[in-house]
Amino acid sequence: MMLLMLYLIAITAEAMTGALSAGRRGMDWFGVVLIACVTALGGGSVRDVLLGHYPLTWVKHPEYLVLTSVAALVTIFIAPLMRRLRSLFLALDAVGLVAFTLIGCMTALEMGHGMLVASVSGVITGVFGGILRDIFCNDIPLIFRRELYASVSFLAAWFYLLCLYLQLPGEQAIMLTLFSGFLLRLLAIRFHWEMPKFIYNDDVH
Amino acid sequence: MMLLMLYLIAITAEAMTGALSAGRRGMDWFGVVLIACVTALGGGSVRDVLLGHYPLTWVKHPEYLVLTSVAALVTIFIAPLMRRLRSLFLALDAVGLVAFTLIGCMTALEMGHGMLVASVSGVITGVFGGILRDIFCNDIPLIFRRELYASVSFLAAWFYLLCLYLQLPGEQAIMLTLFSGFLLRLLAIRFHWEMPKFIYNDDVH
Amino acid sequence: MMLLMLYLIAITAEAMTGALSAGRRGMDWFGVVLIACVTALGGGSVRDVLLGHYPLTWVKHPEYLVLTSVAALVTIFIAPLMRRLRSLFLALDAVGLVAFTLIGCMTALEMGHGMLVASVSGVITGVFGGILRDIFCNDIPLIFRRELYASVSFLAAWFYLLCLYLQLPGEQAIMLTLFSGFLLRLLAIRFHWEMPKFIYNDDVH
């Protein structure tokens, strides 16, 4: 199934972004592997724990842990190449974001939850890996400051749910969501689209 | 039931404090909504996950997510008014703290746990939303530095359990706990009561 | 059973390291107790939540919460002595690390998981208490920067699994793992063995 392929690409790409974050903090190799696994598999794990959906993906398929660990170790050695591959990376990350979101929506729907919970499940799967990465590296989560990222996940989730509501066949709904979510993310990067920010300062009286 | 009313007021007030925290960090609207939801519903979620109490509140009642999200968005627009409403806010927050604590205790007792676990469940429900908010915003959790806050939750939990132990009717136990917990928190704010601090510095030899 | 004895020593020692961390941040007594409990019992809790292994240890044995809380409060009063007991502490912490790892492996094996998941479960139990402590105190988790720590947990887990695979009796496997893991950690401290670090800086173009 194509979605599995995309999922594997996505966790590999996410593991690599996690490894680079760990490298920015000068962590040792073990830390690099741990941050990579948390980034790649953390979103799905948070979703599964919150929904009570056991066993977790990596418990059922521990080979995914091997994949993300290897991706992290490879990243250490090819890091100098990373800067040149920056565009490729952003594209893979965009695919990953939408694929994660779709999987999160489907998981919740399969468990019998409604559309609102399904959309939240999609967004959690899409963005929590990155949030956990930033918390572990002691940063303010990036997603709250970057170009449309969480919003792409949110819109992709609702677009997919709308497709299902309109009775589109599952495969078509997935393809359409992947394509339009991917496009939206790339456009957001290209044109620096951002959500409006809320700046509040109550120290001044 | 009155406790449900208080719960709804509490999650609204907590969502607004979360939104203000996100605003202090200049997050975008999506981050504001996420931090608001985590602040309002995070304490109960941590409790439910730790006790294995599924489904979580917001999964069963996704409309609470809508309520907290709307509260967050409203906060963005009325933020300039917030400073004037500061006292009202502290009062609502105090009600919320005690209401959350009560709900946490009851949840554990209904699951058949003993008083020790019930009190911990109450405190987790009362204070973890704020702890998660501060972790997401990359602050040292406030509750460890403020006037009696977690302690009010702790004392309210044991006061309630004592009432039950003394065979008071449930309604009365709830009312008494709400009133005395609320009063204690207001007195703590008014007179700057604080727990003693533990200052340890082992860098100096 | 000896492992229970070691477990109790381990959670006491970990609670004390947690209390000292909280003291470094000048937290109040309540924060000290909370950080101590999270440090001592957090690793096992994260493991149990991820594996869906309910009830959690401290829910089943709330007396452990009392033990760690008392240990935290005692720490406040004997903190000035701590510097002299530094070596004893590092030794107890090393015992704890290996004991936690063993318990994590056994828990996963008893649930019927394979060796890969068992080793991950061991490492999570061994190191996540410390990671949570550092996140709550707003530090970059120490374990990614210190001498072999997480690596000792990892090697101990696989050493134990290897012993089982070689059909050694359970008791012997435990003793051998405890001894060699403890020795490895002490040697790592003594000779400042470290994992290689991954330093990545992409801000310079």
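Every chain is named by a letter (A, B and C) in the order it is written, and numbering of its residues begins at 1.
Convention: a contact is a pair of C-beta atoms (placed from the backbone, for glycine too) under 8 Å apart; a residue touches a chain by one contact, two chains touch by 3 or more.
Because the structure is a prediction, the values reported are computed rather than measured.
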Sort the chain contact graph into one of these: line, ring, star, complete or other.
-> complete
Can you give the rotation angle that fits subunit A onto its twin subunit C by Cα atoms, in degrees and rounded to the nearest 5?
-> 120
Per the centroid of Cα atoms for each chain, what is the distance between subunit B and subunit C, given in Å?
-> 29
Hunt down the residues of subunit B that sit against at least two other chains at once, touch-wise.
-> 49, 52, 135, 138
In their complex, what parts of subunit B are in touch with subunit A?
-> 19-20, 22-32, 34-35, 45, 49, 52, 54-56, 58-59, 62-63, 65-66, 76, 79, 82-83, 135-138
Listed in rising order, subunit C residues that touch subunit A in their complex are 49-52, 113-114, 116-117, 120, 131, 135, 138-141, 143-145, 150-151, 154, 194-202, 205
